[in-house]
Amino acid sequence: MLGSFVGVLFDGFAYGMLLFLLSVGLSVTLGMMNFVNLAHCSFAMLGGYVTVTLMDRLGWPFFATLPVAFLAAAAASAALERALFRPLYRASDLDQCLLTIGIVFVSVAGAAYVYGTVQQPVQLPDYLRGAVTFGSLRFPVYRLFLIGAALVVTVVLVAALEHTRFGARVRAAVDNQRMARGLGIDVDGVFAVTFALGSGLAGLGGALAIEIVGLDPSFAFTYLIYVIIVVSVGGLASIGGSFVAATLLGISDMAGKYYVPQLGAFLIYLVMVGLLMWRPTGLFGRR
Amino acid sequence: MARAMTPEEVPVRTSMRTTRIALALAAALFGVAPAHAEPTVKIGLIMPYSGQFADPAAQMDNAIKLYMKQNGDTVAGKKIEVIRKDTGGVAPDVAKRLAQELIVRDKVDILAGFVLTPNALAAGDVSAEAKKLMVVMNAATAIITTKSPYMVRTSATVPQLTETFGTWARKSGIKQVYTMVSDYGPGHDAEQGFQRGFKDAGGEVVGSVRFPVANPDFSAFVQRAKDMNPEAIFIFVPGGVQPAAVGKALAERGIDAKKTKVLGMGELTEDEARKSMGDASLGIVTVYHYDHNHDSVLNRGFVKAFNEANAGRNPNIYSVGGYDGMRLIYDALKKTGGKTEGDALVAAAKGMKWESPRGPIGIDPETRDIVQTVYIRRVEKVGGQLLNVEFDRIENVKDPFKARTTR
Amino acid sequence: MTTSGAGAAPVLSTRGLEKSFGSLVVAREISVAVPPGVRYALIGPNGAGKTTLVNLVTGMLRPDAGRIFLGEDDITSLPPSERVKRGLVRTFQINTLFPHLTALEAVTLAVCERRGHASTWWRGLPAYRDAVDEAYGILASLALGADCYQLTRALGYGQQRLLEIALALATRPKVLLLDEPAAGVPRGESPALFAAIAALSNDITVLFIEHDMDVVFRFASRIIVMVGGRVLVEGTPPEIAADARVREVYLGCTRHA
Amino acid sequence: MATVSLEALRGPHGYLRAQTRWRRTEIAFWLATLLPFLLFPSYLQLASQIAITALFAVSLDLILGYAGIVSLGHAAFFGLGAYAAGLISKFGWGEPLSGLVLASTLAGVAGYGASVVVVRFRHLALIMITLGMGLLLHEAANSASWLTGGADGLQGVRIRPLLELFSFDLWGRAAYAYALLMLFLTFLVARRVINSPFGLSLRGIRENAVRMPALGAPSRAHVRKVYTIAAVMAGMAGALLAQTTSTVSLEVLSFQRSADVLVILILGGAGRLYGGILGAILYMVARDQFSGINPQYWYFWIGLLLIAVVLFLPNGILGGLGRAAAWWRRVSP
């Protein structure tokens, strides 16, 4: 009994980390930059397709594809930021919403055109398959790896955004554009880099997630709800908040499905509604 | 309609002239279709070409194209014209509207396609009202064909596969089973069918669970099943993303198909799912009515032609459903000598029997539903490739649901 | 610290109001009593807690301790809109208006809310002639009659300040709390604005926050001085002008600033 | 500036009357909605579904465009109306008009219940709570398959002919007439709502929610009321769809439907009442045409359309048209 409880906690935590990796980029673009970026999962999908293509068609090792997935999504978003998002930073939320939904449509159609509608096979190297046995408990290797990856991303991001000059500039530019400009900060440049960072993280998250959740063109829509749930529950602009929210949601979802499977489909939404009623600005939200 | 309204709304003084131009333009766009010199038979295909179920639709469409390429587009002196309509997913209101429009505007003679049950059910009303032949090429809920006397099905029904499988499982020596299905209509049908077949044959169901339809991670459910330690597990999930996810969860949890028998509907070991699962898929036993690995001359030719036409991709159940559906339409038209009245076509289709890539199949004259061989397959490694290898079969299976209700 | 003014029963009074945000205390034992009909000025250096006091009194903030009375009634736990209905009304230091409503619409809105028309959704606005007339009258009295068909955001800054007051007047206040009504208005225009305030009916008790001492001493009949979340002293303008403590902590600094 | 003096001449009453007066373009528009009967008789079924979607979008506009409440779960009320209408007919009451009234009332009751929760939140929390409630209802309908028919859809919906005279046939004449009439009647109500003192207060809430309590306005009561009215309308739209197609499936409650109607409203222009209608026409006609030409990749073109509208017509089509009209007035003497 205790064994299964530990197992459920572990699975829930790993699932939470998966959600975290998918959504942490959004807490940068939506949370920090206040841009309603519904195309977040399009960038994640791009990362996923990059990884699949490199692994399946070109035979690259899995780990080598991850930085490429990050860079590809970052580059794509940098181009889009320049062309489409930048003029809309000050537009209404609704316009941003419409624009990014348009991008989702285009990306889904593009993916279907290039890769077909078929489910992409994701074959991991053997050392990431299987499980580590610990007494009577089994810890799947890939989930351990996901947890590790999420922790690394969290530490690096928090360090980069809160303890470096770049991070200080980002925060200044996001808080008050005019003042930041006055201080000689290249606000446009900072925004472009920040946006690329958020989307690159999405690409990385996508590349890491497809092993568990699969990949086809509807990816860009399917996981949108989950990432927005994580970011809103965590509190906008809070990396730590997203981490905690993803953990809570992952564990409660997993525990619910294990112990009360009849409620399986309801749980993640119930938890979200409950948490938001308790803290409307999210667990770590300031606004 | 709407094209004519938009220009009217421009708040600047609309001149009569612009209005007239707009109307003329609109009439040109939507006006009477050009008259055909040649007599045609029009087939309206209603499928979810976009959205979550786009892949089944694409696979079916590819087979339809292949059939027409192989057999020409003229039957009984009439040219076959196909009109494709997208429902965008589960949308019975859209499917019904498209069926209506196909009939009143495009004047189609036959409705076909139908990957999804709710859409097929909704269009069934239209088929009944307009007295048009409707060929269901995939949707597998048992009751569908009762919706219209002009409906025939060339895919399979869920109970046809699962109930048969349940009976087979007990006979193969399994005494206890735990069932896991997706929590929606087809899943419930699969659960019910399998449990009925298994229990009627004397087996015991030790537990069951239903997973949410949108479920990215199956590990909790699989863990739960493992903790019950049943002799066998029966699994049904819709095709697409989920089979691979379930398969990976099974492997991660250390459920070994050699110790705990893993049974499933054929979706579980589709091509892409097996590829993603790798060796973890070895030993999974599934039930289905078609696999591209089926050994027959006809099938080898079909698979080869399909591969060539679709960049090496293999046909699947959707493809064979579409392929046989076209075969049915062609043969029925030949029988009626090109007459397209629903009564004539459905009469021609009743009792029809032919050799399909999946084996011998026929249309039950009473229920208009498919009669076919159900195959039991196991995933094995053949020449380094993971394949569904047929090792048992039950021939001439009718839909047991309708067999019960009509009896 | 309670100092009664003209001896009449106060229209607005507070007893021992306390408020702090974490360790920052923004209101400390504030007890004031405002007699009817006066023009009260609330002054003090930045951060003295003037706006906080207005927020506490109008219900935008909840006090940690203390009570608030409107006339005889304890209104401490009433929601803001309920206090407005009872005649306790404020304006905002930063324009808090309806950018995409015309001035006429905005004031009509306020009038309709007061008259209880605002929950009626089955009759058109033009049917409420009296309400529209009243709204127009208020605007005209503040010299906004000609521009009242403009969207609020198209109005000049000074006009927007007047609109703030017009909105407050439309609620028929008994007590009107004006938070720096002339904030941001060019120095030359603020006397005109205060003249409009001074011309308000004597039925309305006005309490205003203001930094410009010339204006304060010209228009206020009584003055409250706040420092560090406390009421330092309260009295008539000559009393305040003569008060050594005020000179020391307050007047001295601003005169030079 | 010429306009200002004109308004000053009219006086405040004349000005407000002019604001609420029927414009010629409006009358022309509503007359034009009759044209499909003559010009496109084979498109009436599509026209009826456009009218239903337009009604749904107008309902969303009341809460989003006028009261500033962004909802991603508005399909909850649409779906409730649809299921209610379907179930009423399934259990033997096939008369459409009374079914419509009953179904919309039920959606309204649910809307009032939801509004009590919704008014407490704003911004992202509000969006997510509406989304969460919508998704929970969707899951509940899936679970309650004994009542709803689950994923297969509700079976046995039988609707009697409208007024016992006009049956919902393959051509969709009755369907369009019925849907259009209901759209028009609801539109009249919505128009009256926004031109009423209540509507003015709603705009006040949208423009500045913080200011309203300082004017003595019971904002939450206003929001509860408009949310209920909007739920009635959304329920009516859902009931119309169920009745005109005799089908109800889980999809009526889906997130996709909530998101689609939001896109449609933004596309047309929120806060303008006609925005939802124009958006529905444009989106659904474009979708019908694009998917007719290219059933597999049509949403690529829809996506481009959305992007183009945002870039060239911010605030939706009506926002863009409004600016174009203003520009035209400025350049033309």
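The letters A, B, C and D name the chains in turn, as written, and every chain counts its residues from 1.
Please note the rule applied: contacts are C-beta pairs under 8 Å (C-beta built on N, C-alpha and C of every residue); 3 or more make two chains touch, one makes a residue touch a chain.
Predicted model only: the values in this text are computed from it and were never measured.
J.: Among the chains here, which has the CA centroid at the largest distance from chain D's centroid?
T.: If we average the C-alpha coordinates per chain, C ends up farthest from chain D.
J.: Counting C-beta pairs in contact, which comes out ahead: A-B or B-D?
T.: Contact tally favours B-D.
J.: How far is the middle of chain A from the middle of chain B, if each middle is the mean of its Cα atoms, in Å?
T.: The mean C-alpha positions of chain A and chain B differ by 34 Å.
J.: Using CA atom averages as chain centres, what separation in Å is found between chain A and chain D?
T.: 33
J.: I'd like the Å distance between the centres of chain C and chain D, where a centre is the mean of that chain's Cα atoms.
T.: That pair's centroid distance is 41 Å.
J.: Residues touching two or more other chains, restricted to chain B: which are they?
T.: 50, 54, 58, 183, 212-213
J.: Quick check on chain A: which residues sit in contact with 2+ other chains?
T.: In chain A, residues 112, 262, 265 touch at least two other chains, as defined above.
J.: Mark out which residues of chain D touch at least two other chains, giving numbers and ranges.
T.: Correct list: 139, 142-143, 296-299.
J.: How is the touch graph of the chains shaped: line, ring, star, complete or other?
T.: other
J.: By the document's touch rule, what are all the touching chain pairs in this structure?
T.: Once each pair is checked, the touching ones are A-B, A-D, B-D, C-D.
J.: In their complex, what parts of chain A are in touch with chain D?
T.: Answer in residue numbers: 84, 87-88, 91-95, 97-99, 101-110, 112-113, 225, 228-229, 232-233, 236, 262, 265-266, 269-270, 272-273, 276-277, 280-282, 287.
J.: Across the complex, what residues on chain D touch chain A?
T.: Spelled out, the residues of chain D in touch with chain A are 70, 117, 120-125, 127-129, 131-133, 135-136, 139-140, 142-143, 255, 259, 262-263, 266-267, 270, 296-300, 302-307, 309-311, 314-315.
J.: Okay, in this complex, where on chain D does chain B touch?
T.: Counting only chain D, the residues touching chain B are 23, 25, 28-29, 31-33, 35-36, 39-40, 42-47, 49-50, 139, 142-143, 145, 149-153, 155, 169-172, 176, 241, 245-252, 256, 274, 278, 281-282, 284-285, 291-292, 295-299, 321-322, 325, 328.
J.: For a test of understanding, state which residues of chain D touch chain C in their complex under the given definition.
T.: Residues of chain D touching chain C: 4, 7-8, 11-13, 15-17, 19-20, 192-193, 195-201, 203-204, 207-208, 210-219, 221-222, 225, 229.
J.: Across the complex, what residues on chain B touch chain D?
T.: Residues in contact with chain D: 1-6, 8-12, 14, 23, 26-27, 30, 47, 49-50, 54, 58, 84-86, 88-94, 96-97, 100-101, 103-105, 117-118, 121-122, 125-126, 129-130, 141, 143, 183-186, 188, 212-213.
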